[in-house]
Amino acid sequence: MGVLLNEVSLSYPGTGLVIDRLSTEIDDGEFVAVLGASGCGKSSLLNMIAGLLAPSSGWLEVPKDGAAFMFQDANLLPWLTASQNVDLALKLAGKPVQEREERVEELLNLVQLGHASDKKPHELSGGMRQRVALARALAQDRQVLLMDEPFAALDAITRDMLHEQLRSLWGQTGKTIIFVTHNVREAIRLSGRILVLSSHPGRILETRRITDDLRNNPTQAAALADELTTILRKEQRKHELTDRITH
Amino acid sequence: MSSLTESRTDLAPVRTIKLRPNNRLDSWVAPVLTVIVLLSLWQIISWVSPLREDLFPGPLSVAAKLPQLLADGSLLSAIGNSLFRAVSGFAIAVIIATPIALLLAHQPLLRKGVGPLVSAMQVLPSIAWVPAAIILFGLSDATIYTVLLLGAIPSIINGLLSGIDMIPAQYKALSKVLGASKWEHVMHIELPAAMPGYVAGLRQGWAFAWRSLMAAELIAVGGSLALGVGSLLQRGRDLADLSLVMLVILTILLVGVLIELVFFAPIERKLLRDRGMSRTGESNG
Amino acid sequence: LPSPNEVPAQAADRGPAAELKIGYFANLTHAPALISESEGILQKHLDEDGTKFQSQIFNAGPAAVEALNSGAIDAAYLGPNPALNSYLSSHGESLNIVSGVAYGGASLVVNKDITKPEQLAGSNLASPQFGGTQDVALRNYLKELDLKQDATVTPSSNGTVAQLFGRGEIDGAWLPEPYASLLIEKNDAHRLVNEAQLWPEGKFPTTVLVVSKEFMASHPDTVQKLVDANTEAIEWLNNADEKQKLSAVQKALVKANGSSFDESVIAQALKQVHFSQDPLPETYQTLVDHALAVEVGAGGNADGLVDSRFLEQQEQ
Amino acid sequence: MSSLTESRTDLAPVRTIKLRPNNRLDSWVAPVLTVIVLLSLWQIISWVSPLREDLFPGPLSVAAKLPQLLADGSLLSAIGNSLFRAVSGFAIAVIIATPIALLLAHQPLLRKGVGPLVSAMQVLPSIAWVPAAIILFGLSDATIYTVLLLGAIPSIINGLLSGIDMIPAQYKALSKVLGASKWEHVMHIELPAAMPGYVAGLRQGWAFAWRSLMAAELIAVGGSLALGVGSLLQRGRDLADLSLVMLVILTILLVGVLIELVFFAPIERKLLRDRGMSRTGESNG
Amino acid sequence: MGVLLNEVSLSYPGTGLVIDRLSTEIDDGEFVAVLGASGCGKSSLLNMIAGLLAPSSGWLEVPKDGAAFMFQDANLLPWLTASQNVDLALKLAGKPVQEREERVEELLNLVQLGHASDKKPHELSGGMRQRVALARALAQDRQVLLMDEPFAALDAITRDMLHEQLRSLWGQTGKTIIFVTHNVREAIRLSGRILVLSSHPGRILETRRITDDLRNNPTQAAALADELTTILRKEQRKHELTDRITH
């Protein structure tokens, strides 16, 4: 089993419910995309799955060894170089030194940062930092991989390339991947299932399975993208109305 | 592939909101408990120890000293005098040190020239200033304040300077972009950003202020200079009266704990909470 | 801001001062100062000129000398050494001794195992202050016994010395009263050498009355009153019977200091200390020379340190 | 809409790379210049001042004292003794204080109980410990080290604690996600992240160590305990020899400046540079 | 005149040339988009225009009152609430108090954060932080507005809405806007001119003017997007080859 959420609710001190009795089951080896408006609780959800936040009520089950997590902000350690940041994940996973060195190089090359391995985070561009964070998340090598908008700061070309890499990695390792994105087409392209969250409070508004057929059929994919966008737009509009009334 | 799964049911009923009042109480109960434990330990050791009572007085014999000192009012007035001097002196030190630190932070050459001297002054023992202060100001509170200020100011300067050094470069960029004047930059960005480091420096500065005061109060035990805790401590040493020495030590510790609990800890807590951090072990609520 | 040198050193006599600021320690050997204040003797003398007075209690000689130099006080009861040191380092410009106060009352007290001076070989001895009277006396004594290499001399402070002895860290100490008596009363020490044995007629200064040169030049009348009051206080002490003396001194000490040593210690100590206005002028050069001989001082000329004109005036 | 434009031609030839050697030199030249200026000022004031030579010795008469002290070796050996004690004592203090601070940071209850006491201990003047230390260790270096350690340790603990408090919450989340054990978290994330605050605390701890040492060295002015700078200072006061006092003050300042320039400043510079920050006024190159 | 760059070059200590003799002239009131691979020097370019970095050689001219700048990371001050962060920009621009209060509310409503005005940055989601930063950049009210990937962390719907807002603001105020984006269609939708940068070193690879006709013609716009993507991809491929040779 991958990840199981049962009636999970979350509120922060002083906020109303951010996530409201959310239940879902994510199979081992599934590739799930989470869509939702800004501020709807996607990062909070991942934080709970990663064990960084306890739900206010409800419960969830995750594999015992936890989950690899790529944060929304790169969250690199500023005193370590790019390669040291990646290496830290391997070191803390208890990998032997020889193996680590090779793996770090491999991972940095994967995200096209082989040339920047000795740079400190403050010497990297925003997109480069995000890619180091991606390499670090892959280095963790856990059964579950959580990614919070992993490609947001990347140009289309790099993004395309990393999409391919991620798909092939998923194919090879059978990891359970849950990733948050704002890009509907990215979600369709990568995932096997899309969860659309509502906001205030966050509930599952819509679940869509994506088959390979659909993915590879441009018209069908475009139609689905439009449909999802419409769903999201409708949800947003509802809020604008409530907002206007309450404020 | 781990197929073992861990049930997180145990986490379920845990609310992240912790009750604050409880927390507050904790921060008073724990130190008091610690003190009680330490006192008991001390009493037991003093019973067990082979040392003569006058060389190693236990808490009871120290407490026995208390009524007399309270009766003639010397302890309370000494605490009052010292506390007043320390607090007012510390306030003056903050007022003097802060602009100096800001000046040094903004004048690279000045900092290079004077910075190391400031650190060196921190190292200078307070009694080194006593002869000079007496010759300049005679036997007045001015002498005591001089010694105190020279002890506290360098430490506060260094605290603020290292707070400023740790400000992320991006805040400086922001203030430049927002068109802040130097003064606005200092008030709206630099000082608040340096605050946590500054308060850490202030805590050390307070310690320096108080210790320097103790040294300054050794100049005279009475007369035109009001008796302070430092004089009382010295009196205990001169009379080889270890009970008195212990009593004064306990008094100073008590004052220290109170200042920490009512002043520094809450400020620090507020600053960290404002920034979404927390003192280790305290809930972030 | 008191500016000590506004008045040139040899300023003209400006009559009685409006105020006399005087410093002393809350010590047994400063008993005449304590009595002079507690019995109202000084006040009585100064009232004749309408001079007010203010007293300041010090912990140690250096601070008192610094205060005297800064003009914060005009006169002080001091040990001879701080007075001498200041006189020498200022080339005679800072102060003068105008009267004696106390003499005697310093002893080498040692633990019970040491009964003969020869047994001091290999011992660890203490003195209350580097280069102080007792320190020099101790070093000089050891030198004369040819034990200079064998015994260690550790200068510390009076209170610390008592503690060190209590712990058995040191074998003995050359101390002034009441610390010598404290060790005897509380720590089973005994008196091996009484410093009085080493001086002609057994007299060496313990406490003296000093006045800053400027004050002396501008207000000789007030200084005269101070010296007179000192003499009267000394006579008061010397005429009182043992019990009266003890209780008056103890009372004054407690008043000045908040607390004091046990009566038994003070009583013992009072037997060792003698109060007299004789400034013992011939002893100071000996002190300087002894210090030079044991290499703790730079030497110098102590001539002119004692200004006995006020005492002479008194006798007339 | 401003149509005024500013030509930035002046910026053009400025390379952001500054030569480092130059910078290094600067950090030595500026303090030396400052010292020379201060010395000259002092000499001038001492000429102008109406105070007696023995009350306000000028630099020349202080310097005249030097040959004698150098000849009998007492100054150099005092500096040597004190410096050795201070450096070794400081090192011991760091070794003791660091794990205590980490323990406090990770044991909330312990921190609540003992934390305020640590701050209070910082406030306790060093001489307060002297009687107790003497009873325990007599006239030995152990006494001196005890006083020094009790002075320095609380300050270092507080420095590290506030460094740890200021660690962004996201680093803690990262270390949890990476599956770091407590020990790994401390070594790989907590300590390096707290480093800048820690070094600021160490600088204050060093000042406390040195000042406590000076107080401890007053216990005995030579004799069975080797003569230190603190003893020399007291000797100067005892002998009413202000030239000696000034000379010792200058020596202490010199030692302080050197320690700052060869130890703390470079460490701090390295730490900040590693994190893409810089001490104010220093180029980020 | 808006912004003039003349043979501007930039290198950081220890790097080769990041930007190589770049020259361009941006007219007053122009809306320019900058495209380029991750790490090609877009942020560095904006930093120079904002006066935060001095060019290593060459010179540039900007309006005397400087430029408003929305940073790539939100760069909010953590001790201020959302509204205080926005207010600071107004305060430092010397606006009177009454006006400020109103304007802050207006701006936060504009970015749909009216309800979060009292939250501290650490209580906001990534996208909310970015929107606060956007509100702050608009508050600065300078002739030149620089934006570094202003919408990267936003969902499609919010993004759409803010696109509209930005266009209408530009129409009303006639600001000179230079913005960096990774989204080719966003660039086409918003800007009047697109600059495509090469990487290592950054030079202007391509300049395209976007007319309103083109913008409103979906097929033409899609064709241009494809074309630009191809240009970017070609550039990237060139590098991959060089990379493989040098590393």
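The chains carry the letters A, B, C, D and E, assigned in the order they are written, with residues numbered from 1 in each.
The rule is simple: contacts are C-beta pairs under 8 Å (C-beta built on N, C-alpha and C of every residue); 3 or more make two chains touch, one makes a residue touch a chain.
For clarity, every value in this text was computed on a predicted model and none was experimentally measured.
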Common touching chains of subunit B and subunit A: D, E
Chain hops separating subunit E from subunit C, counting only touching neighbours: 2
Chain pair with the most C-beta contacts: B-D
Interface composition of copies subunit B and subunit D: same or different, split at half: same
Subunit A-subunit C separation of Cα centroids, rounded to whole Å: 84
Euclidean distance of C-alpha centroids - subunit B vs subunit C, Å: 39
Distance between the centres, which are taken as Cα means, of subunit D and subunit B, whole angstrom: 17
Touching two or more other chains - residue numbers and ranges from subunit C: 62, 69-70, 157, 159-160, 163, 167
Per-residue multi-chain contacts in subunit B, two or more chains: 55, 130-131, 135, 169, 234, 237, 242, 276
Residues of subunit E engaged with two or more neighbouring chains: 12, 51, 65, 73, 122-123
Footprint of subunit E on subunit A - complex, ascending: 12, 15, 35-39, 42-43, 72-73, 112, 114-116, 123-128, 131, 148-149, 152-159, 182-184, 229, 232-233, 236, 240, 243, 246-247
Residue numbers on subunit E that touch subunit B, as the complex places them: 47, 50-52, 65-69, 71, 73, 75, 77-79, 88-89, 91-93, 120-123, 140
Residues on subunit C engaged by subunit D in the complex (per definition of touch): 3-6, 61-62, 65, 69-70, 82, 85-86, 89-91, 93-94, 124, 126, 129-132, 152-157, 159-160, 163-164, 167, 169-170, 297
Residue ranges of subunit D touching subunit A (in the complex, touch as defined): 170-171, 173-180, 184, 188-189, 192-193, 195, 271, 274-276
Touching residues on subunit D, where the partner in the complex is subunit B: 26-27, 30-31, 33-35, 51, 55-56, 104-109, 111-117, 119-128, 130-131, 135, 155, 158-159, 161-169, 196-197, 199-201, 203-204, 206-208, 210-211, 214-215, 230, 233-234, 237, 242, 245, 248-249, 252-257, 259-261, 264-265, 268, 272, 276-282, 284
